[in-house]
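Have a look at these structures, which come just after this line.
Each of the two complexes below includes chain A, the first together with chain B, the second together with chain C.
Up next is the complex of A and B:
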């Protein structure tokens, strides 16, 4: 079994590096170890989304039963998205669960994740806090997601107002990321974020 | 699905993913089943089935009827792939001794890949599964002592080969459904399109088969299947359904709610 998984991944690996998406720098895969059980993926944030300009790194673990069971994938790069946990990077996507089919490939997975970044499914959330913001305050969601992209994924849009608010909290001894999470969760209401952090 | 936590306080200490846990439990159950039942079992008479239903009048009568109509049975692992596995085993087993039918099937199977690629399935994986499928079919064709029933049985109990065959048959089934989408749309409940149905119920491994799967596969391969139904229904007989309707069945399967095994007339 393990042998089938490794052989298949080897072939897929070659398929991805030859693909036109790689040529366009939209997706990328690298080996982490020699036995093809773990890979590192990368996807570019899709244009005209808050993730544009960012590069998102993924952890891909290939189970022994691959391709009959899906690869285990999670975001290493922190991201603000309704279907991705802002804490663990866990992903809620049907093809990584019960709708995986053996005819799919790493390339399909990476392209589907990229599509997920462009079209969130807030009614089937992984991160309830983000999903709520997405549904109730689209504009706030976009700004927050763009801010996370600039901080964690190398995106181009710094937001000085958000930076200042974080600074206010870090000056009080709160750790940078923790401050960002609290502010993001409370729609950048400094007072409520502070209250929550010190409660 | 998958909501991790609702309050902010939890955010920092729980990273538990519910879906992940459910999947893990599912895998565990699958593992227990697989340790108990081989992918395809040995040929057996109906005494074990009789024992299984001892004291159950309705079923006992049906086992009686079954043993009047069939000589023996062969069990398959109840892993959701049983229809595909039972069908391919029973059919390939017959091809071992039927060179004429083998020629017909070989030609059809060889061409089946182009069909799938034309329908938009990714060439890369279709080729992978088709290659393995054809490797098995070719071995069956050697016949004459070089590839025997025992070899086929061994091969079907090697998870890798066995599952590759299942996947390829799932693809052929999906291909047929999509090709004749207009017709099959009538059999799909809810608002799902045929393509959605294929993505959700046909292509993924472990998804159970229904009439629609059987009709599509038997038509695509032009192989008749007779399914004998053993359930709580009132008849004292095991009722037969032939797919596609009106064809001479070459594969006989026993259906009990949620599961298919092979029957030998």
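Up next is the complex of A and C:
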């Protein structure tokens, strides 16, 4: 790894650890390997959003050309969000792509992602299904996102109605996550989800 | 081994028992270890001290100064120095002369001897002013060709016998002034000398030689009275003290050097002003260092002044106040994976700046920054544009180019605004760049290496300056 990248990540790592966001448990960074090329990030779901109370784990890969190129970040925790793929966890965020700036740090990236959770950009979607739901049925989106948060990110709000519908599908031999994706995609319409799953 | 270079001078180990080639007593000992000449002590006592012609012609410097550690065994001539030396050297030198026949035999030493004869009288009174210094003063007082002659009856400073000095001094200077074809001046100096000698009981050597003294109105004044004693100025003390032919100035309270003329008010004032100016510069510098030393580059996040010496440079963006090291900001601005708008913006605040100004220190205030940028542009505007090539090429930046567009005869060229191909958006320059690369490619596709060179060159240019610029600018700035 280029010297400047490793040096900078080391400094940033210390900066994040000392930062007040860590003190407030809003963000967290852990080392995955010793050479600072891969890190594990964590962000707390922002308050007054469907993600509140959840903890989202991120995979951060630092390229050799860092900081002249952005780090590669994706969500490991499954999340229901227009700008984040519900399948791969890939993030659509301009600063992680063409709007990167060399002065940005791990801390600012994590805070930006937290802000992204609070303010989705449905017009520039990563997950078209989620974005469509977000635009057409805001309330359903919120419920779905809250449900996903509670299942995958340890959020506090269990939705018993959604759980029941999933149980119906799993009883039919459908895998749990697959059932949830199908139901989420069809606004928790059990009939259409079943139709899609068995078609 | 080549014959030519051997046997020229005595083996330097000869005379000490330890030379490995010692066994060979023959002068041509190519088969033995050394090729140097060994004077053979056992056979003839004289040989030892005999100096071979090559080295013997050169007088021993140490002996001339009074003591040579090699004594009789020195390879260099020990008799050029006069008899007026300290007693033990004199004895030695006569001993040398008895043993060696050089002094009488070699005609080349005769001039040296003659010189030493001239020296003899002034050496007699035990003055320790070196002959070098004497010659210097003679040159200073403009005696020139007559130097050797006038040395014979050069006025001598005898501290307690001032009365006798002025007569000889005045006649002497009279002669000098006349050779300069300046009768009036001689008259003036003559009277001056008399006045000086009568008013002052204690004349310095400088005054004796150059009675014009501190009187700057006379032509004679261009001599020693303007020159400060370098020892006094440098060390604060001079071993000749009051006898020193040069001025011992007063100590300047700013620079701590003895460089204030005792009487010349103008010089004092001028020096004072220079010192204050220097002091202000020093203060400015220390402020600059103070405000620079903690600055952290926003890209590499290192303290810039703690980076490796070659990288301790700031890249100042004209349109915002964020701090980067030159290396990082240039690298960022050369990134090809982003749009031009992104890389030309400050990595912290995204305010676009058209160029980066290198600086050794961080600048805080707008005035400092403007001054720095002005200096930078000034430094660049005297350098020939690599694209204009003194009229042979075409510069894509037109009259917006920071570099000099001038023809070989020095006349400046008005190349007009940059070419019209530029679109009026923020990416304009990138488009120009692409056009040029394409053009280069079409023109020079047979010579790809050159194209790559040119491209790199261009990128460096595009970021407004390259390393060579910088190093030159560095000098300019300092």
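Operating definition for what follows: the second predicted complex is superposed on the first by the 198 of 199 C-alpha atoms of A that agree within 3 Å, B and C clash if a C-alpha of one lies under 4 Å from a C-alpha of the other, contacts with A are read in each partner's own complex, and residues count from 1 in each chain.
Everything below uses one rule, namely that a residue touches a chain if its C-beta (ideal position, glycine included) is under 8 Å from a C-beta of that chain, and two chains touch if they have at least 3 such contacts.
What you see is a predicted model; the values in this text were computed from it and never measured.
Participant: Using the superposition on chain A, tell me whether chain B and chain C clash or fit.
Facilitator: clash
Participant: Applying the document's definition of touch, where does A:101 land relative to chain B and chain C: first, second, both, or neither?
Facilitator: A:101: touches chain B and chain C.
Participant: In the overlay, answer first, second, both or neither for which of chain B and chain C A:181 touches.
Facilitator: A:181 sits against chain B, while chain C stays out of touch.
Participant: Looking at the overlay, what does A:88 touch: chain B (first), chain C (second), both, or neither?
Facilitator: It touches chain B, and chain C stays clear.
Participant: Look at A:68 in the shared chain and tell me whether it touches chain B only, chain C only, both, or neither; answer first, second, both or neither.
Facilitator: Once the two structures are laid over each other on A, A:68 reaches both partners.
Participant: Quick check for you: in the superposed arrangement, does A:115 touch first (chain B), second (chain C), both or neither?
Facilitator: neither
Participant: Looking at chain A, which partner touches more of its residues: chain C or chain B?
Facilitator: B
Participant: Looking at the overlay, what does A:128 touch: chain B (first), chain C (second), both, or neither?
Facilitator: The first partner, chain B, only.
Participant: Chain A residues touched by both chain B and chain C?
Facilitator: Touching chain B and chain C on chain A: residues 4, 8, 11-12, 67-69, 98-105.
Participant: Per the contact definition, I'd like the list of chain A residues that touch chain C in the complex.
Facilitator: For this pair, the touching residues of chain A are 4, 7-8, 11-12, 67-69, 98-105.
Participant: Inside the complex, what are the residues of chain B that reach chain A?
Facilitator: Those in contact with chain A are residues 1-6, 8, 11-12, 14-15, 17, 19-20, 23, 27, 121-122, 124-126, 128-129, 159-160, 163, 167, 170-171, 199-200, 203-205.
Participant: Which residues of chain A touch chain B once you look at their complex with the stated criterion?
Facilitator: 1, 3-4, 8, 11-12, 15, 67-69, 85-88, 90, 92, 97-105, 108, 124-129, 178, 181-182, 185, 196
Participant: For the complex, which residues does chain C have touching chain A?
Facilitator: Against chain A, the touching part of chain C is residues 298-302, 322, 328, 331-332, 335, 337-339, 342, 345-348, 350.
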